[in-house]
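For reference, chains read A, B, C, D, E and F in written order, and residue numbers begin at 1 within each chain.
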Amino acid sequence: MGKNIAAFGEVMMRLQVPGYELLSQANNLHYSFSGTGVNVVSAMTNYGHQGYLVSALPANPLGDAATIYLRKLGIVDSFLLREGSYIGLYFLENGNGARQSRVTYSNRLESSFNTAKPGAFDFKSIAKQVDVVHFCGITLAMNETTRKHTREFARAVKREGGKVVFDCNYRPGLWGDDGYEKAKPYYEEMLELADIVLMNENDAMHILGMKTQATERHDQLTALIPQVASRYSVPVIAGTHRTIHSDQSHSLTAYLHKNEQFTYSKTLNFSVVERIGAGDAFTSGIIHGELQDFPEDKTVAFAATAGMLKHTTIGDTPVLSEQDILLAMDGKGGDIKR
Amino acid sequence: MGKNIAAFGEVMMRLQVPGYELLSQANNLHYSFSGTGVNVVSAMTNYGHQGYLVSALPANPLGDAATIYLRKLGIVDSFLLREGSYIGLYFLENGNGARQSRVTYSNRLESSFNTAKPGAFDFKSIAKQVDVVHFCGITLAMNETTRKHTREFARAVKREGGKVVFDCNYRPGLWGDDGYEKAKPYYEEMLELADIVLMNENDAMHILGMKTQATERHDQLTALIPQVASRYSVPVIAGTHRTIHSDQSHSLTAYLHKNEQFTYSKTLNFSVVERIGAGDAFTSGIIHGELQDFPEDKTVAFAATAGMLKHTTIGDTPVLSEQDILLAMDGKGGDIKR
Amino acid sequence: MGKNIAAFGEVMMRLQVPGYELLSQANNLHYSFSGTGVNVVSAMTNYGHQGYLVSALPANPLGDAATIYLRKLGIVDSFLLREGSYIGLYFLENGNGARQSRVTYSNRLESSFNTAKPGAFDFKSIAKQVDVVHFCGITLAMNETTRKHTREFARAVKREGGKVVFDCNYRPGLWGDDGYEKAKPYYEEMLELADIVLMNENDAMHILGMKTQATERHDQLTALIPQVASRYSVPVIAGTHRTIHSDQSHSLTAYLHKNEQFTYSKTLNFSVVERIGAGDAFTSGIIHGELQDFPEDKTVAFAATAGMLKHTTIGDTPVLSEQDILLAMDGKGGDIKR
Amino acid sequence: MGKNIAAFGEVMMRLQVPGYELLSQANNLHYSFSGTGVNVVSAMTNYGHQGYLVSALPANPLGDAATIYLRKLGIVDSFLLREGSYIGLYFLENGNGARQSRVTYSNRLESSFNTAKPGAFDFKSIAKQVDVVHFCGITLAMNETTRKHTREFARAVKREGGKVVFDCNYRPGLWGDDGYEKAKPYYEEMLELADIVLMNENDAMHILGMKTQATERHDQLTALIPQVASRYSVPVIAGTHRTIHSDQSHSLTAYLHKNEQFTYSKTLNFSVVERIGAGDAFTSGIIHGELQDFPEDKTVAFAATAGMLKHTTIGDTPVLSEQDILLAMDGKGGDIKR
Amino acid sequence: MGKNIAAFGEVMMRLQVPGYELLSQANNLHYSFSGTGVNVVSAMTNYGHQGYLVSALPANPLGDAATIYLRKLGIVDSFLLREGSYIGLYFLENGNGARQSRVTYSNRLESSFNTAKPGAFDFKSIAKQVDVVHFCGITLAMNETTRKHTREFARAVKREGGKVVFDCNYRPGLWGDDGYEKAKPYYEEMLELADIVLMNENDAMHILGMKTQATERHDQLTALIPQVASRYSVPVIAGTHRTIHSDQSHSLTAYLHKNEQFTYSKTLNFSVVERIGAGDAFTSGIIHGELQDFPEDKTVAFAATAGMLKHTTIGDTPVLSEQDILLAMDGKGGDIKR
Amino acid sequence: MGKNIAAFGEVMMRLQVPGYELLSQANNLHYSFSGTGVNVVSAMTNYGHQGYLVSALPANPLGDAATIYLRKLGIVDSFLLREGSYIGLYFLENGNGARQSRVTYSNRLESSFNTAKPGAFDFKSIAKQVDVVHFCGITLAMNETTRKHTREFARAVKREGGKVVFDCNYRPGLWGDDGYEKAKPYYEEMLELADIVLMNENDAMHILGMKTQATERHDQLTALIPQVASRYSVPVIAGTHRTIHSDQSHSLTAYLHKNEQFTYSKTLNFSVVERIGAGDAFTSGIIHGELQDFPEDKTVAFAATAGMLKHTTIGDTPVLSEQDILLAMDGKGGDIKR
């Protein structure tokens, strides 16, 4: 039987220019609704869990469309507020080869989620009903209230015996000048509450201000992650290293740090149809492995494969089942499946 | 030779659900860029004038797309600021029959145009370069700065000998509670500066607080418009009455009040492909007639026909030429044109 | 607070040629999933009730797509079996004017729903969890097992104190030769169990073999429906008369028979975007009115308006809210809603 | 058993802007291949005849696409030359209401058909293999060689005992100044050879220079057509009168003149999805009626209904079967056909 | 001059999700009609032969659409029955990279072709009119009647002096448990009748139960194919080995066994737009080479190149001409062709 | 501040089959307007210059659409004639892998530009208003008048002190038999007038008849280009060598010859979305570098990068800004840009 997993985060409308035209060339947009929490929780429902989103959406046709889209993604909407006026949205122009993809945001600070008043969410009651809650560094970057909501909710989860998952997901553009300094106390608070943390060596160095003399990414990782685990008492830490090759293919290598030990996935090489949301697919794999008590090597392989397969599907949100991922882990991709 | 005509107003991105699906059913959107000023000025370029827009757009891919779209509409972008962060946008779901179309706005108050600082536009210099400027009541509704910009620009135009066109275009939702009371002084100021005003009896009664014992729309119009013309010294006032029939066809009857006399168009009956922007097409017809010194009956017929034909084309912005409109005025529509 | 309403019926995949091309001209199809029960229950969720479907879908990508689509329609999938091999599907070519729409079915007799084994559904347990269940004559036409399932489920509902809704929905093509004769005993059984029946005079005359000397539809209706109500002890009977005018607009007049009295709606005239599913929208209005204890005239007006508005939206399944329908009942359609 | 029917005429590529945008607004085009002869012959294959086209297309990808499209339309390509360099093409912008549709031609004078050399077609051999050949006034308008080809082919058909159908189809833009005068001798020649002629009173007055004092279309028709029949010995003459109503619906009334008698169809009223090709659908109905020896009233009703139904389908070319037309003649349109 | 070639096989409707979405994400489908026989015969018409299909389609709009599509593919429909109720159909979701394509079938066992009664086809008469007939192992898998039809038709072809082509095309899913055992006698019968057989070492080992101690595919092939040729007296056997590389490109190496000798093509490497139908394109190349008396090396190169090029075009069915293939054999692909 | 740059050349309508279908498979086309001059000048406006086109377009809906498209591309239309009857157009079928793209032209010789009469353009007045003018060898190939126009305009530019850019762009198909011989005097004339020439060793050998014993492309280039520079006194010559790899990726190496010295770019490897227009993007980079007085290595790197990036965008015409190109030169492509 699956667990009850919730995420706390914003739902955004994604408006994507089809193919490789720019916004200034095209005249239509494909739209969907996503967000880090949405992606992780929807993926978990594909693996047999029950997923919830704790968020807010306006009581207008855009909020209706988002709510219906979340249902389509398998997410139960019982913890979703319908208040406020706006939904954050972003425009995506697909890059290729030497031209990178471009994301242009509308004013997300005014969104229903980011303007929800203190007390708007009944965190205590929600915490009683779920087993795991996913939080994300993007929510910390928004404003004082979202930071308070995050802390308050995470504490409630712990009090009720649930697990806290925290994805560092630091976005420099959202924190502004001296961002690392501003962010540090909020990140530390979440690390102390967290059971599972998604991060890599850059987060340790930049946000937490840790130091190492290593200059290679891998060496920095092995030097710093155990320190994070020990300083903030984090049972499970996981993350990936991505390499973009000159032929536009990507590679991912995942690590899992648990019980003072590192476990690594194979390095997976693959071509890319859509890159957005791959981190969230990876996160979902780690959480699922932990909830199912997979051995470490299976968890990290499952998560890395979930991340790789996300690059083969359309949209931010993972759509493949546990079985699809297990098959691909065994290398059973290949020719047509009839 | 055409005249130089500018408009002062916001550019909005319009995102329309194709066909008759709701936002919650569809997955793609057709987009374009428009606005009352955009529509009027673009129409004027179709009649042979040179059109300009005085506005602001962000220096990002959305602003680029809007600017390029304005060029496509024939509008010269030399008075366009590229600053601020956002562009206002709205979503359109097409109604039909007993189901009305729905418009959902994003947060336009944060748009580049509505957050342009005092002094951002060099109104004096612009006023020297143009013959006519179009203003709209929607801009008055935004905030104190847009109201000041409007007043300042209109005064500059008058000082430089240009003509001021003012479209009352009162939107209740934008002014909030006690809106008419709040709006009145700003409207009165613009009426005193204006050479051509677009309005009807409702504006006189509700915004200006004028009274009449007449109960029929036509009687109210003939009672009140001459009072407006005389109280605020408005040389030309024009507007339309629209009727929506039970078979979903519409009728328009236009009036023009000039030299203390009313001139009326025929009542035009027609089916509707797209209704948005019809008022702006009408406005462009009135301005064109006045700039070309058409006789009153030709001006009002041209404007009403321009309004009617707008209902047969796609998008907010009129796309037909002066010749197309003159042909339809003569009833030369009919069968295929090879 | 809404009620729990379930429907028992098949989910079909609908594959529609866009616009007015024939299948032999086009090369793409728009698809969705629907069915009489799907439509009625989804509409009820739009009015604030909790909706369930008791049905079966194959455990393959088509079944996945259907299940996800039902969730999007607001339907809880907890009573949905995932077994069998196929989903029924039909192709729709849109007619217009003098050319009628054409529906071509694939082999629905092999569908998961129609091949579900006796005992596949736990009707007793489901009946305990719902307040109302909707049944449809189409399911009676399929085979002996679906007829048994229908009877068994309806009896369970009555035993548990729930309400039975039965839509006669007789499809001559499905019953074959001597269809009325074959169908009669099954229909009579359902009428005796039903609290709300959807039907009109044709069903009384053809299926039930009732006779009247009246020759006008309205007179036949008033003669026969009270006999049905009394012979089978049906508390509420409702239905519509549709007229198709030569200008391709349609009219609907609805009736409601309750407490030995007829209540009629106004005759509604309207143009048509999509006709399929209008009967189900009407049904949903009748059920909602009964569940909310609306007075008879409000129930029949609400249902007729729901039926009319269905013709303005895309897809078999109603998508408008209770508020949308109430507004249209008041004639507040008209121009753009901003 | 069907007959063998050929047409002599140009194949054109039609490039249509979807919906109601102008060429200057849109960015994609729907394309197909048609022509008066193509349309008539393809319709005949829908009625059970064997259809051929005598024409020329370039041996390049456009010619390949056209050839394959003709096969799709049921036309046997054994009399189709593959030579020359170009295919004529035209762009279509759909009008609606008071805005008429616009057709813009590319340079069709350079097309393979219009530049085919004298002797390119083996008319004698073709004439032996077919029962009926359709010719059109548009081909006469092209150049001296197409006129010679037409005459030569028509004479060969008569020599071999086949029937000649001639559709006057006078296009003023193609003949230039003094067009009627230039055209007259060529038209007279064809009238003398023809067994079935499609025309109306305008052709008699303008091309043939006949005179009448009647001022109403119907009176002119009844005065002049018998003169045409007798002067040029034409056994069968047929045509339609079209009225475009202010609500954009159209009416058609057809006549058939045979054995010195007029037979008229009912006046059919209908709304219009696509108007192009309706004349060719009518023509096909007349030819079919004559080949099947329908009584006059059935022939003219069948042809008028075929013409009406063409307005409900997409593309220049009729796509409905004989049975579809017979059903609609009986008024069996109405609701959905399952 | 081309030969007359027929195929005996089912026509299926293919419904493909565009791009890389799943059925549960998308809302429209691209459709076409294909089948192994359709593909081979249509390819042959591209090389200048006359192509026929011996099959059955329902007399409904789906059957009409399929028939018209076959004509578009250049196939003469004179041996096509129009009877029965259904057409088999399958849904295709495109994979990419590590995610494989998925095919979901509807119930093809009920199709017109698979339910055609014994005696439905006049095989004797058809055999007199054609030079070659293509058969396929898929048809053997369907039911006892299709197996009898196959045998009967193949024998008639031999009696009339025609050539029999047999593509082994064993599909495990269709034969069920103990499939190889069940299939063997039917396959042996066809091998004995066949002039050209498409197969490789797997068919020899699994279906025919042949044994070899070789463990490499190539060695197995060289060991077993000569045995097949000799045991069943097959003049020509051909097939391919496909390798899927980790960068998602594919390689093909083709062999031809004739006169006790193997001839191999170069190993062709290429990227893939669409993989389905590549085997049929290869088959068409072998048949064409044999009918044209190409030398062995040209035949196998032509067939391999036809197979490779199929991966660059859309749809199951090959669309390139003999000349296109000959050019690519010479490596004349490269830059733009103007 | 930018310069004023004009181009003299034809505007063509491009009609592209979407995806990888052939014209004979698809039914819609994506269209745009381009041409060598259009592409170069539009690119220059992306770098901050003012762009003009000296050309002719018909005064019909196709000419309107082209004019509006040019405005969208940032091109000022004040030197555009609206006369003549036709616009040249071409159809594009995208190749991939071993299948090359195909371009099919309509009859461009009849276009407004190619039929413009002597004296139609006021070259003297235009030359006074611009700093640079771009000419192209394609225009020389059309007819005697376009050659005279080219010479006359180039001379006027020199007289007024402007710069002449000449792109050799020799198209064998347009010059016919003995094309090099015919073309040579016209090319020599332009080389003598030109300040910047785009060419490579093939042009020197084939058109100018120069000889070298070198057999490698690079050696031929270094042997011949200095001779061209010296014989015709050309200050700047530039060009590229393209390699198409077996994995379908391309490489470009660019050279710049100036002050008797060669400067080379790095060899750039990249995958290809759209290849057409890459040469024009390169040209625009060379002109921009020269107008901005970039050092030689920056100019050639900028131009090569502009050429490479063109392969990542849709349409013939470059759409990226100077900043986009500078970023890619620094290798700052990589992951998503938020």
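Everything below uses one rule, namely that a residue touches a chain if its C-beta (ideal position, glycine included) is under 8 Å from a C-beta of that chain, and two chains touch if they have at least 3 such contacts.
All values reported here derive from a predicted model rather than from experimental measurement.
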Chain-contact steps, minimal, separating chain D from chain B: 1
Longest centre-to-centre distance from chain B, chain (CA-based): E
Interface residue overlap between copies chain A and chain E, same or different (over half shared): different
Chain D onto chain F, rotation angle from CA fit, given as a multiple of 5 degrees: 180
Farthest chain (mean CA position) relative to chain D: A
For chain C paired with chain F, centre-to-centre distance based on mean C-alpha positions, whole Å: 63
Whole-Å separation of chain centres (CA-atom averages), chain B against chain C: 46
Multi-partner residues of chain E (each touching 2 or more other chains): 22, 24, 27, 68-69, 102, 247
Parts of chain B lying in touch with chain A, wherever the complex brings them together: 15, 18, 22-24, 27-32, 60-62, 64-65, 68-69, 85-86, 89, 91, 93, 102, 104, 106-107, 110
Residue ranges of chain E in contact with chain A within the complex: 19-22, 24-25, 95-103, 105, 171, 173, 242, 244, 246-248, 275-276
Partner chain C, residues of chain D touching it in the complex: 247, 249, 269-271, 273-274, 308-309, 311-315, 319-320, 324, 328, 333-338
Chain A partner contacts - residues on chain C that touch it in the complex: 68-69, 71-72, 74
